[in-house]
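We just call them A, B and C in the order they show up, numbering each chain from 1.
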Amino acid sequence: MFSDIFENVKKICPIIHNITNYVTVNDCANILLACGASPIMADDIEEAADITAVCSGLNINIGTLNSRTVSSMKLAGKTANKLKHPVVFDPVGAGASKLRTQTAFDLLEEIQFTVIRGNISEIKTLISGSGTTKGVDADMADKVTEANLDDAAEFVKAFSAKTGAVISVTGAIDIVADASKAYCIRNGHPMMSSITGTGCQLSAMTAAFVTANPEQPLEAAAAAVCAMGLAGEIAYQRLTPMDGNSSYRNYIIDAIYNLTPAQLEKGAKYEVR
Amino acid sequence: MFSDIFENVKKICPIIHNITNYVTVNDCANILLACGASPIMADDIEEAADITAVCSGLNINIGTLNSRTVSSMKLAGKTANKLKHPVVFDPVGAGASKLRTQTAFDLLEEIQFTVIRGNISEIKTLISGSGTTKGVDADMADKVTEANLDDAAEFVKAFSAKTGAVISVTGAIDIVADASKAYCIRNGHPMMSSITGTGCQLSAMTAAFVTANPEQPLEAAAAAVCAMGLAGEIAYQRLTPMDGNSSYRNYIIDAIYNLTPAQLEKGAKYEVR
Amino acid sequence: MFSDIFENVKKICPIIHNITNYVTVNDCANILLACGASPIMADDIEEAADITAVCSGLNINIGTLNSRTVSSMKLAGKTANKLKHPVVFDPVGAGASKLRTQTAFDLLEEIQFTVIRGNISEIKTLISGSGTTKGVDADMADKVTEANLDDAAEFVKAFSAKTGAVISVTGAIDIVADASKAYCIRNGHPMMSSITGTGCQLSAMTAAFVTANPEQPLEAAAAAVCAMGLAGEIAYQRLTPMDGNSSYRNYIIDAIYNLTPAQLEKGAKYEVR
């Protein structure tokens, strides 16, 4: 199944509009090209709607948000909703500042996202503001482990039910869920956290995958997570003793470039709960 | 001839002011250093004229334009014109949004460019607005091929005559032309399009080449195109089975770093029409 | 001693708030991760104080300053001062435009820096405006050499006494000094100047080192300079004939990733004057 999903990305070559941070933007562009998609980066409000319209999917990332770009995110998101284009949201750093947290809440309020992808702490921040629960800290651990995986999966499903978006939570174990089904994914390597932007890159790639597979956003988002994790594994195998996080960054993008749909199918490590 | 042109870059080490997009800016800076030039990136209107004045060439790229930076581009461009510094224009995405197209037209109106470098679609957008022709789409194909090369070269020459700028159109076959002479260049490799920013990098390097060779903007722009294409060929040879577009990006900049004027002379594949 | 300082970085994993330029920001983030620290990039005034507060150190770099980000730098700097967080200042391009020079003076006036790190030309610009001296050009050479090293060290000490900051001047010979003691450092390789952003990366890493070693800012800043230089030496050894400045950039970050405290201790080449 994941092989067909990835095949569609390569066949359709979706153009993805990215309003994203300036830290990892180059890597996001290169990983989109690596997986077979095409990136456009454009964050000015004067062109946000135009660019959204010429693309087929949208990726919003608040990593270096400012008042100018937040307005563009809102306009682009609403435009994408009108055009029925998939929209991915990466709430980078939600919880770290009032601006980020409030912006994330506002975006959730005004835009219907197809996928929300973040780490557990960001997703918990979103959940806390969405009114789905009280006492998040008590209810959901700070880390997804084998011990709390079932509980975590239920939590993520509940947030998906509330938002109508597929929720993609990445960490040592990744959970990608809609309201009724959770993919628990065990691809990846711990060294990925020593590179800036593997999360941002995954969000961009997720936008490509769901855009090329509009009927299966859950499976497409899960496939993107598996692809990124698998690339992290392949790239890790390639490291020489002198290589570090900078070469690892290049090798991960290279691995996506060389990954075939069949390899993704074979290498994806997941179970459904 | 191209060897002398490249030699001048290495001898003069021109400092190039870049107002460029945040996606590929790091690669632009590194390729300028690789070819022997020096980059300064500065996009605030409060310093645009000052920085243009301490540099000897200017590179304007609208890849992630916004209202703040467009004003800086205009001021920097006019300052460079007054100081008789070469100015290169890269109309990234002209045609993709009204803002980009209109900004490109405005810049063409207000600034005398030394070189305009873009892909065929961007250049066609500029031509359509410059009043040189009607029915661009009918007159000029979307791709330069052996079959339409003569027609395309005439088209590019006509646009050069209209604008007074050398026009550098890159694609499978590149055309670099002034009003009377067109270099048709066959360096490069298709995989270059799987990296973000090879065009941006070429524009930056073109600025270095024309700045170091102010009497020969046509030849300098053609030499830059050959250098970039040759670097793409050399870097491609170096790829191992695990390498992908991210390593390829590094190898291209590395190839420019190691390219000698003699190698450029020998490796340049062009004819004049 | 440098081994303990570096050990502290790895033990404490300080989170560093960076308001820095968009040219080299990705490399700054990756080198912070490589040395064991954690980066946050945030430049909007609405969140600058919040982010400073959740971090333990601040790195201000004016490489692509604009009016929006300068306000954020000031607010973040004052917040860090109030919270007694170390603050590093990289006055990129001070002297190249009135805006940069004036902004640098303003920041010096309003913020108490822990370390100021720049090249000799930038530091001379700061000194000229700080009232410590007349005729800087006559008094301090444009390049630190063996012949003028004693004079240069005295100059740097005097500027440290005036500002209360450790001054870190990098070049062929680096000088890191407080009012009474100057580390003269001979690590590094000339090829480092062919990469954009080794200075920016060093400033980011300096912030991590002083944040993890708040009682020894002088030694911590000197250790960071030695680490960066040593990484430049190790990475240079690794270069193959086809490698150039782009691979060298990756190898330097890789070398920081693999550098151990013991190797830093052993490889640091300095004397105290």
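Quick note on the criterion: a contact is a pair of C-beta atoms (placed from the backbone, for glycine too) under 8 Å apart; a residue touches a chain by one contact, two chains touch by 3 or more.
This structure is a prediction, so every number in the text was calculated from the model and none was measured.
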Does the chain-touch network form a line, ring, star, complete graph or other? complete
Shared interface numbering between subunit C and subunit B [over half = same, under half = different]: different
Approximate Å spacing (C-alpha centroids) for the pair subunit B, subunit C: 34
Within subunit C, the set of residues that touch 2 or more other chains is 22, 26, 249-250
For the complex, give me every residue of subunit B touching subunit A. 21-24, 26-27, 63-67, 93, 96-100, 194-197, 241-247, 249-250
Using the touch rule from the top, collect the residues of subunit C that touch subunit A in their complex. 22, 25-26, 29-30, 33-34, 39-44, 46-47, 50-51, 54, 68, 234, 238, 249-258
